[in-house]
Amino acid sequence: MENYKKIINDIYLEIKNIDDIGKVARYIPELATVSPDNFGVYITTIQKDSFGVGDCDKKFSIQSISKVLSLTLAYRFEGIKLWDRVDVEPSGNPFNSLLQLEADLGKPRNPFINSGAIVVCDVLVSHLKNPKKDFLDFCREIANNPTLNYNEKVAESEKITGYRNIALCNFIKSFGNIKNNVEDVLDFYFHICSLEMSCKELSEIALFLANDNFTTHKGNKVLTNSQAKRVNAILLTCGFYDESGEFAFRVGLPGKSGVGGGILAIHPDKYCIVVWSPKLNLKGNSYKGMLFLEKFTTKTTSSIF
Amino acid sequence: MENYKKIINDIYLEIKNIDDIGKVARYIPELATVSPDNFGVYITTIQKDSFGVGDCDKKFSIQSISKVLSLTLAYRFEGIKLWDRVDVEPSGNPFNSLLQLEADLGKPRNPFINSGAIVVCDVLVSHLKNPKKDFLDFCREIANNPTLNYNEKVAESEKITGYRNIALCNFIKSFGNIKNNVEDVLDFYFHICSLEMSCKELSEIALFLANDNFTTHKGNKVLTNSQAKRVNAILLTCGFYDESGEFAFRVGLPGKSGVGGGILAIHPDKYCIVVWSPKLNLKGNSYKGMLFLEKFTTKTTSSIF
Amino acid sequence: MENYKKIINDIYLEIKNIDDIGKVARYIPELATVSPDNFGVYITTIQKDSFGVGDCDKKFSIQSISKVLSLTLAYRFEGIKLWDRVDVEPSGNPFNSLLQLEADLGKPRNPFINSGAIVVCDVLVSHLKNPKKDFLDFCREIANNPTLNYNEKVAESEKITGYRNIALCNFIKSFGNIKNNVEDVLDFYFHICSLEMSCKELSEIALFLANDNFTTHKGNKVLTNSQAKRVNAILLTCGFYDESGEFAFRVGLPGKSGVGGGILAIHPDKYCIVVWSPKLNLKGNSYKGMLFLEKFTTKTTSSIF
Amino acid sequence: MENYKKIINDIYLEIKNIDDIGKVARYIPELATVSPDNFGVYITTIQKDSFGVGDCDKKFSIQSISKVLSLTLAYRFEGIKLWDRVDVEPSGNPFNSLLQLEADLGKPRNPFINSGAIVVCDVLVSHLKNPKKDFLDFCREIANNPTLNYNEKVAESEKITGYRNIALCNFIKSFGNIKNNVEDVLDFYFHICSLEMSCKELSEIALFLANDNFTTHKGNKVLTNSQAKRVNAILLTCGFYDESGEFAFRVGLPGKSGVGGGILAIHPDKYCIVVWSPKLNLKGNSYKGMLFLEKFTTKTTSSIF
């Protein structure tokens, strides 16, 4: 751990003040109000050692990173049947996602693009009595953190401008791969995306993906070891939209980014690390976050490859 | 190693006689003559322990698996400049590869789809004095095996029916991303694809991707450790066409398949394993090969995730 | 006219009992209840001579043929500004319509594909106080026929299963090319598509496209001559989805088909002719309708080419 | 005719000196050497009256306009069987032509896009003993003009830079829709595109498409009336790439453009008119040519709609 601490501190100082060519996401009005200067890092190891720097305790909108949690819960409910509804392949270019969805008859390419995450939400709406409350309870249990919550303003903000997601959900429903009301599914989806966590909290909630022996404080295993490995595999091939290959190439870890500027990366058997910096590169991933993690796995030689 | 041996033997016997729903590739006439019943497995560990079963010493056409070797040599020549010519992203659906190539202005999505492998060949034709001979020498050196060779009949067979690859190469040249004569590049490309190796030989030649300390018998390091990791990362995200996600999901190792029915899989820091069985699934990957490897990483818990 | 009568009668008898390989549209439940044996033809010349055979007085759901009328009214309101919202190009394959819409930033390729017709409806919702009533009044005036009406059951039927159109409308709205509420636009759109007319009524209402001197009984000109010619041009290049070229090639007249089995064809300066036969070919156009019209323009040598 | 003369003169003077925002085609080096100021117009009526202004007697590279002639000859040889090899549908966006070709299994959308014209050339290579000579003889006969010829420099110029066409031809051959050697087909194709004619000559050679009674000086009918009408129909829906709808909308005549800056337009039953001005708009069609013809059909009210 001392090694990690030093390396994290060094990289943090090295890139804190570099010229960040990224841009804060503006398409959700609420996100545009976040200061672009925020920069935090937090690591939690499977030994439960932990360390953070910068704005690592400030909550931010985790956005698409929440798709890891919704996938986890749906996988737990459905097991392998889940893969009849959503595939596990990278999607290639973003611009053809609707074309692919048409060619694939409404089965999204993977659970981390919007179409796939919406189908996962539909699965959860079918299983949960009170989807928003029950999902939150699930998150709080694995994080052992009763303060986790949605940001209603952000959820509302997405709902108002979310025409593309409404389009997507109706399009999938036209193929029969959405079972519930479009409104219910999207209300749930927008809430999940509005989850707020700090780097610290996010690195703790994802620990079950790094540690085969993880159980919640209530003694529950979140996923079987085999399932956790498979989620990591999908994260590696599909976690960064059409920059997934680049992240695997440069960083070499399973991970997931969100347009709020967070990146979660997991070393199976070692640690979870979270970086937050709101400015995004052209592909929609945190510019500093990717840079930090590339340097981190290089210096710690902890790529999985 | 004893553990691996037992597991390999068990799985080999378990699936040897299953109902193989795959089909032997027929588009290259020479490949169609291979008996579909061939089935071999060979593992070589970084400690140079090794073990094989079945037809593990019979030579077969490694086809696209050769793209790992051509990429390696081109990467060695060009370093990071190589990525100006070819990207490292999964390509999504096969059907839109030409569309992507057009949208990406002639820069292929990755070095393992045909377009990317052709660009890699163009890079090598620029660097090598006698491309076919020099490349073969390179392969023989890292394999420490002077018997490796092309199969001229297979090379000729591909050339005659290779209208799509001629189309691809001219299309990329129209964007300026092929520097040499189309005929020279494709002659080289078709020869590389015709390389013949046994499971044993293939598991030995790829060992440099598993072992950081690997040097050839002449004392040369093939790639830097960082480069080798990056090749593994691209293998994981792009090694199985539009089934790359599925292979990562089920097997959890970097790997590469060929239409000859071979699959090479690498555990960084542990081993190279090769399975050969000519019948291919609908996505063009060895049906038994994928099945074998899924069972193998599950029983040895040696997925990288 | 006598010449037309004889030719119409001859062709009617010739093909009435042929083996119709088409299929009745089933995606709107209400349409599936219509007898596939209906077959009617009606012609109205610019001299107001007219003639019909078969089921030419039975009302049917004109479906997409209504897009000619909504375009007409929107063109009248907006003039050339309308073409900032929707283009006048054929769309090629249907399967890439969403891809095109994305590439074209939400501007549909033409007013006769669903996306374009929805934008036209949005234009009308902006202009009309009571869109459904006002549009009906417009139709009744140019047809001089106060009995024209929507079929509420069909409109309802489309609304319930219209997930793709909801998707389309939200998708276009995400680009800013829908100004009103999605619900209002689609409610209007579904009603327009549910308009019911007989062959006779349809041939009368479209006469303004054939006759430069047409005025309504209230003395209003529907479109300027130049505008009417341009609507005919769009009908010729875009009126039959991805079979537009085929219709121009075989029939040689501007025209529009609907999934209810109706086809309207116009000879500028001569006549409007309507054929109705519910069984559709694979491209969604009336099988007998196309056959009838091909024979009709051949025998009357009245193709515009 | 006096009416046409005056209108042609008026429009010629009106737009001769306008600010032409088009650009001369540069992708074929030889074309880039032509003066952008050339501007000629020539009309020939079915009564064989004729009239020209400006550079109407200067020869220019007719480029894709030659596809009308090659289609004509192939149609004459094959009759309706030709449509098994090439379709008659507009192609939508240019960017997806290869995607369409793949989806359509190597059958081009129409004979006026490059892929379709190449298939037409393949048909001719199968039929003609000396394709280049025989095709030229055919052109000379219908034009009654023994001076018509290829421009070898332009043909050579295209061959050298024609990687996309080589790609296209090989791609189609991979589907089996090219029967002859790729080299032979493309050599023929590049020669056809290099045909040189003046506005006058071009308006005369196409007269058979306007005049049902046309026979060559040797007494041969070029196409049956029905075939000629069908060629006109394809010209209208497909003659201007992805601006075909726009040309139908603005001009209202069947026509064909070439990147040399020529436009041929046909009024069935009235006339052929040719405009030449080398600067092209963004879609690759002569800017002044389209403007001239729009004004011409408006003032003469001779749109076919």
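When the chains are written out, they are named A, B, C and D in that same order, and each has its own residue count from 1.
The criterion applied here is as follows: a residue touches a chain if its C-beta (ideal position, glycine included) is under 8 Å from a C-beta of that chain, and two chains touch if they have at least 3 such contacts.
Please read all numbers here as calculations on a predicted model, not as lab measurements.
Enquirer: Among the remaining chains, which ones contact both chain B and chain D?
Expert: none
Enquirer: On a CA-centroid basis, which chain has its centre farthest from chain A's?
Expert: The most distant chain relative to chain A turns out to be D.
Enquirer: Hey, how far is the Cα centre of chain B from the one of chain C, in Å?
Expert: Once rounded, the distance between the two centres reads 55 Å.
Enquirer: In whole angstrom, what separates the CA-based centres of chain C and chain D?
Expert: A distance of 32 Å separates the two centres.
Enquirer: Which chain C residues sit where two or more other chains touch them?
Expert: Residue numbers touching two or more other chains: 95-96, 99, 103.
Enquirer: Between which chains does touch occur?
Expert: Pairs flagged as touching, ordered by label: A-B, A-C, B-D, C-D.
Enquirer: Mind pulling up the chain A residues that touch chain B in the complex?
Expert: Contacts found on chain A: 87-93, 95-96, 99-100, 103, 109-110, 225-226, 228-230, 232-234, 236-238, 242-246, 248-249, 252, 254, 268, 298, 301, 303-305.
Enquirer: Across the complex, what residues on chain C touch chain A?
Expert: 95-96, 98-99, 102-103, 163-164, 166-171, 173-174, 182
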